[in-house]
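Heads up, the next two complexes both have chain A, just with different partners, chain B and then chain C.
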Partner chain A sequence: MLIAVLSGFILAAASPWLARSVGDKAGWLLALLPAALFVYFLGFVPTVNESGAQVIHYPWIPALDVNLSFLVDGLSLLFALLISGIGTFIIIYAGGYLHGHPHLPRFYAIMFAFMASMLGLVLSNNLITLFVFWELTSITSYLLMGFNHEDKNARWCALQGLLVTVAGGLALMAGLIMIGVAAGSFELNEILTDGDVLRDHPWYIGIVLLVLAGCFTKSAQVPTHFWLPNAMVAPTPVSAFLHSATMVKAGVYLLARLNPGLGGTDLWLYALGIVGALTMFTGSFMALRSTGVKAVLAYTTIMALGTLVMLIGIGTEGAIIAAMAFLLAHALYKAALFMLAGALDHETGTKDMLKMGGLRQLMPITFLASCVAALSLAGLPPLFGFIGKELMFAATAGAPGLAFFTTVLAVASAMMIAGMAAVFAIRPFTGTLKETPKKPHEAPPSMLAGPVVLAGLGLLFGLMGFIPAAAIVQSAVAAVHGAPVEVQLYLWHGINLPLMLSILAIAGGVVLFLRWERVLAFYRERLGFIDRFGAERGYEKAMEGLVWIAEWQTRVLQSGYLRRYLTITVLSTVVLTGWTFFGHTGSSVPLGEVGFTFYEFAVAALVVAGAIVASVTSSRIGAAATLGMVGFGVALIYVMFSAPDLGITQIMIETLTVILLVLVLFRLPGFLKLSSPTDRIKDAATACSLGALMTILILAVNGVTVTDPISDQLTAWSYTEAQGRNIVNVILVDFRALDTLGELFVVGLAAIGVYAMIRFRAEDRRQ
Partner chain B sequence: MEPVMAVVVGALFAASVYMMLRRSIVKLVIGLILLSNAANLLIFTVSGLTRGAPPLIPEGLEVPPDAWADPLPQALILTAIVIGFGVLAFAVVLIHRAYEVVGEDDMDQMRSTDT
Partner chain C sequence: MGSLILRTTTRLLLPLLLLFSVFILLRGHDEPGGGFIAGLIVSTAFALYLFAFDVARTRHLMGADPRLLLGLGLLIATLSGVPQIFLGEAFFTGLWWPIEVPGLGEIKLSTPLVFDIGVYLVVLGAVMTIVLALAEAEE
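Let's look at the complex of A and B:
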């Protein structure tokens, strides 16, 4: 199993080389991997149907409860089969569609990485691993969407998709971790055995909202649906894959996967039911006004995603059956339709349906496959799409609390979708042949294999609904529902409410198809405001706001003035440290022993006075002299308190410092008062706050011993081990010899720097 | 004596920060000198002040006779003093050089790397 999931990544690394060396027909060869995976997953079908879910476990980071464990049940198997099955055709198709494209090898590489991430996502049993694969799909799909990276619009759209899905991913990560902590396990099969643990947990609402934020952005639910149509900038094989079986379905997958643990509450019902129904309606509504072959399909994908989310939210047994049947039907016809749209685009050179016409004679196979797939999209018998839609109507009519709302929106959407399906299947192919940028002819076999097979499957499953029902849908429904369910799929349910609604929807669709020109005109004239106030404007505004904040904070924080950085650093230190300190100890500070002799106090007073004078004097010689006073005062303090070595060193260094200052300072201009009095008062306040903080901290720290000092040990070793009577010296040259060596390097480097600068100056002068 | 030293260290920190906030680059260097002294005294004070008991071992003994000053902070400070001087010497020559090239002591006039 591990090999199955990771093989895509391995092939991703090898595929550019393979594609280059094999040449034109590489697509057929590379498609063997997904085909093999499809067969491999097919082998799981009988096992899962007989003995239920399988968990395959590989420890990865057991200490953190992160494992490469895989859960194979009906749901993950359904997705794995769709990914590998449709993936096979997509790879073959890409070989034809991107024939001769200079970056085709790169395309294969990203595509395989994407496919492997998607497989990992749907098969993961561990929440953390699942999230890793989730983010991998975001990144790889970003690369795929921006595949034509020389196109500015493609980059922009790809980035938009990435930002929206990754922002949701961040929320999802928090949600998944909360699930793991609340349930006490990161393994899905353990979490989902008892859903009440999560539902009764105080974090339940937070978990649901975070998980929904992740799933809704990924699956393009209102109001974050806008990125999906923009993702159309990707080459058509990518769109076909992204929309039918992968990426956008990831959100739906996760909702379905977590349904046994999180579903069944009012929050779940209303959040998913309402958002899903609105998304379904928005997608259909926008599809109706689209004239581009790919745009229509993109909006119908939004419709489908909304439908699936709504059905999972409704959560009744019938709704889950409808969701799984609809999912399968959608994957089949959407992949087929996208590949056909790509074929149309590829052969005619335009994406606009208004510019196509009369292609029936020239592209007969494309026409036939389009008709079959579009019938499934429209939900007409005897296609599998009809079964999905009937079940959906039955589910919405029986939805607790939302029956009227969801049913009305579902029927309205179905009308518009039926109309657009008819437009897609009929308009480009009938009427008079129109002038197109390229001379149209039938697409090559590599581009027709997928659509024909997938559209045919839609027909087969429609006529013989028991095949998918027994093979996979039943076990998938059981996984989502959390209990075994008997599923039977067939076309004729008798004359009942869903059938009536279907007839109504199809009748409406026919009207819309016949009046499509007028519908388009109506959208243009009356509904232009959608573009001005739509959700995408919100995204643009948010991005502008982000850039504005970034500029603002850069201006404020990264001003380029040292003193401003310093002020911010000092004040943050004072506030944060002070806050923590007073929060812990209260405002009383122990004063300790205050005993001191007169000369000690005099030296201390001299140091303070020297520091003050040095900082306010306007005389350079005065500054140098008072600095010397401070330095020698400090040396005296060292001597008085038992540190003779420090005293000696300080006196030597201080002498050198004063000499250096006097030598250099007088080559520089005199002190000027550059800042205003207000600035000086502010700076003085900043400086004093830090001084006060340091004083208080020293008083507080005084006498606190956290652990035994190691000095006692060093003292004991000083003579016995190192034969030295000056313990400080022994520490420096013996116990901490490497530190001293480092110190020598620093001083040496400083000396080289000083020498170099003086030397260059001398050379400058000579020139 | 520690409370007095605490005030001294606080005053040195305040003076050094005040000087580093000035626009003149020479004052920045003075601030650095004061900061180095302040940090050293901070370590010295916090480790406890002991009068008249340097960490030296008299002839004939293997450890100092009775309570002695902590040698470890002294060793650290000794390193810090020397390194502080190295940095200072470098900084002083650097600003001198910068002044020669730019002809300006005001840091506000030195905002780009090309001046």
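Let's look at the complex of A and C:
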């Protein structure tokens, strides 16, 4: 299982090289991996159906309760099959669609990394690993959306998608950790066995709100739906994959996954039901007014995501069955439609449906596949989409508390979607042949394999609903519902309310299709304000605000004056440390026995004298020399108190300081008095406050008796455990080696920083 | 710069300082010393050479770019903790291979020693990166 999940990452590393060495047909070869994974996951189907969920466990960081454990049940298997199955066709399709693209090898690499992240996400049983994969999908999908990185718009849209989903991801992380703490386990199979633990927990509301923030942003629910249509700047294979089986479905997946643990409350019902229904309606409405082939599909994806969220929120047995059937139906037709839209765009050179027409003769297979897939989108029998839609109407009509609201929105959405499905399937192919930027002809086999197979499956599943029902939908529903459920999917349910609603929706769709031009005109004239005041404007305003705050705080904190940085650092230290010290220990400083020998006193006096001269002298050499006096005095003190390592280090540092000073001395500007007497008094007061605080602290430390000081332990262990007699060195390289390693990186980074400053300055001068 | 006395002394002092730094590095585990101090000593040795001669000759003498030494040091220090993981121990657990060398006594080879060599290289690399950059800016 570990190999199956991680193989995508391995192939991602190897695929650029493979793609280059194989050449044109690399897509067919690379598609073997997802195809093999599909077969591998298919092998789990009988096991899961017979003996329920399987947990496969690999310890990773057992001390932190972080494990690579995988949960294979109906839900994760349904997703894994969709990801690997549709992924196979996407890879083949990409080979044709991006044929000759200079960055095609890189595309394969990111695509496989994305696919592997997605598989990891749906199969993870541990909340932490799930979150890691969740964020990996955000990052890899960012790279995919911004694939045409030379296009400014693509970069902007990709960044928007990343920011929205990652902001939600941050909330999700908090939510998942709270779930883990509240339930006492980070393993999903343990958390979900007893949902009441979470539902009765005082953190329940917080957990739900945080998890919803993550899932709603990822799955483009209102009001964060705006990033999804923009994500279409990605090449079409990416859109097809992102919209059908992956990425945006991740939020839906997690909601479904957590439903047994978090669902079943009023909060869950109303939050998911209302947001989902509004998203469904918004998506359908926006689809209706779009003319781009891909834009229409993107908005219908929002509709589908809203529907799924709504159904999970309703949470009745029927609603869950509807959700899983709808999910499968949507994945099949949406992947097919996107690939067909890409074929149209690729062969005609335009994305605008108003500019296409009469392609039926030239692209017969595309036309046929479009019709089948669009019928499924519209929800017409005998396609699988019809079963999904019937179940949805039944579920909304029976929704507790929200029946009227959800049913009205569902029927209205279904009308608009039916209308747009007809527009998509009929307009580009009928009427007179229009002049397009490229001379159209049928798409190559690599671009038709996926749509034909997937659209065909939609038809097959519709006619023979028992195949998906028994194979996967039943066990998926059981996983989401938390209890075994009998699932039967078939086309004819008798004359009942859902059928009436379906007929109503399709009739409305036909009207909208016939009057589409007038709908568009009406929208342009009367409803243009939606674009000006939509949620996306809110995002832009928020980004502007963020930049403004960043500029403001940079101006305040990063003034560029070293003296101001020093003052802030020193004063913060004095205030915070002093406040803690005096606030928590009382102001009494036990002085204890402080005995001086005369040479200790002499060294201390030298240090103080050096410090005073250094701060009042007006000669640079003088300041350097007296500072050296301070440093060597301190080194002497180290030696006197038997800390030879510190003493040697201090002497070396002093020497190097002199060397550095010599190098820069002649480059410094002339010695100037820049600060007024008041400033100098303020600076002196700041410096003295720090000195006073440190003196008090050291005196206070002397008075504290620790019963079992760690230094005794370390001294005792130094030779027995670490075979060293120099305790300082043993601590540095053995006991605290990890700290030292961190400091080494700090030293390295500081050196690079200094180097960069010096070099850039030198280069600026030269110009 | 370029005094004959300084040049002559430097020629004599440099090998001694280099040897001394290695001595300090190796004895660090039992006596005052260690990678950090030794790294500072070797840096001052090269800085002395820089004052006596010039940047180009110092670079030539060092053989490798100090930035490379810096990265190499970080790599060595990090890797010195890795083999332990495969032995089922925690990262940075000390491993020891004491060897009896005739005439020299016991030499303790260990992963902390490897780590200390990494520290030595990082300090040398960091200091010389800065010093050489400053000196080059001067020229």
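Operating definition for what follows: the second predicted complex is superposed on the first by the 574 of 767 C-alpha atoms of A that agree within 3 Å, B and C clash if a C-alpha of one lies under 4 Å from a C-alpha of the other, contacts with A are read in each partner's own complex, and residues count from 1 in each chain.
To be clear about the criterion, contacts are C-beta pairs under 8 Å (C-beta built on N, C-alpha and C of every residue); 3 or more make two chains touch, one makes a residue touch a chain.
A quick note: this is a predicted structure, and the numbers were derived from the prediction, not measured.
J.: Using the touch definition from the top, say if A:747 reaches chain B (first), chain C (second), both or neither.
T.: both
J.: Check the residue A:408 against both partner chains and state whether it touches chain B (first), chain C (second), both, or neither.
T.: A:408 contacts neither chain B nor chain C.
J.: Spot which of chain B and chain C makes contact with more residues of chain A, would you?
T.: B
J.: Per the contact definition in the header, classify A:655: touching chain B only (first), chain C only (second), both, or neither.
T.: Touch status of A:655: second partner only.
J.: Could you tell me if A:638 is touching chain B, chain C, both of them or neither one (first, second, both, neither)?
T.: A:638 contacts chain B only, not chain C.
J.: Which partner does A:570 reach: the first (chain B), the second (chain C), both, or neither?
T.: A:570 sits against chain B, while chain C stays out of touch.
J.: For A:699, using the defined touch cut-off, is the partner it touches chain B, chain C, both, or neither? Pick first, second, both or neither.
T.: After superposing on A, A:699 lies in contact with chain B but is clear of chain C.
J.: Give one of first, second, both or neither to describe whether A:737 is in contact with chain B, with chain C, with both, or with none.
T.: In the superposition, A:737 touches chain C alone.
J.: Between chain B (first) and chain C (second), which, if any, makes contact with A:716: first, second, both or neither?
T.: First partner only.
J.: In the superposed arrangement, does A:759 touch chain B (first), chain C (second), both or neither?
T.: Only chain C is touched by A:759; chain B is not.
J.: Just to be sure I follow: which residues of chain A are touched by chain B in one complex and then by chain C in the other one?
T.: Chain A residues touching both partners: 644-645, 649, 653, 656, 660, 664, 667, 725-726, 728, 732, 740, 747, 750-751, 754, 758, 761.
J.: Give the list of chain C residues in touch with chain A in this complex.
T.: For this pair, the touching residues of chain C are 28-37, 40-41, 43-44, 47, 51, 67, 70-71, 73-74, 77-78, 81, 91-92, 94, 96, 98, 108, 110, 112-113, 115-116, 118-119, 122-123, 125-127, 129-131, 133-138.
J.: Taking the complex as given, what residues does chain A use to touch chain C?
T.: Counting only chain A, the residues touching chain C are 644-645, 648-649, 652-653, 655-656, 659-660, 662-664, 666-667, 721-726, 728-730, 732-734, 737-738, 740-741, 744-745, 747-748, 750-752, 754-755, 758-759, 761-762.
J.: Give every residue of chain A touching chain B within the complex, in rising order.
T.: That would be residues 560-563, 566-567, 570, 591-596, 600-601, 604, 607-608, 611-612, 614-615, 620, 623, 627, 630-631, 634, 637-638, 640-646, 649-650, 653, 656-657, 660-661, 664-665, 667-669, 671-672, 674-675, 683-684, 686-688, 690-696, 698-699, 701-703, 709-711, 714-716, 718-720, 725-728, 731-732, 736, 739-740, 743, 746-747, 749-751, 753-754, 757-758, 760-761 of chain A.
J.: Under the touch definition given earlier, write down the residues of chain B that touch chain A in their complex.
T.: Counting only chain B, the residues touching chain A are 1-24, 26-28, 30, 33-34, 37-38, 40-42, 44-46, 48-59, 61-64, 68-72, 74-75, 77-79, 81-90, 92-97, 99-100, 105-108, 111.
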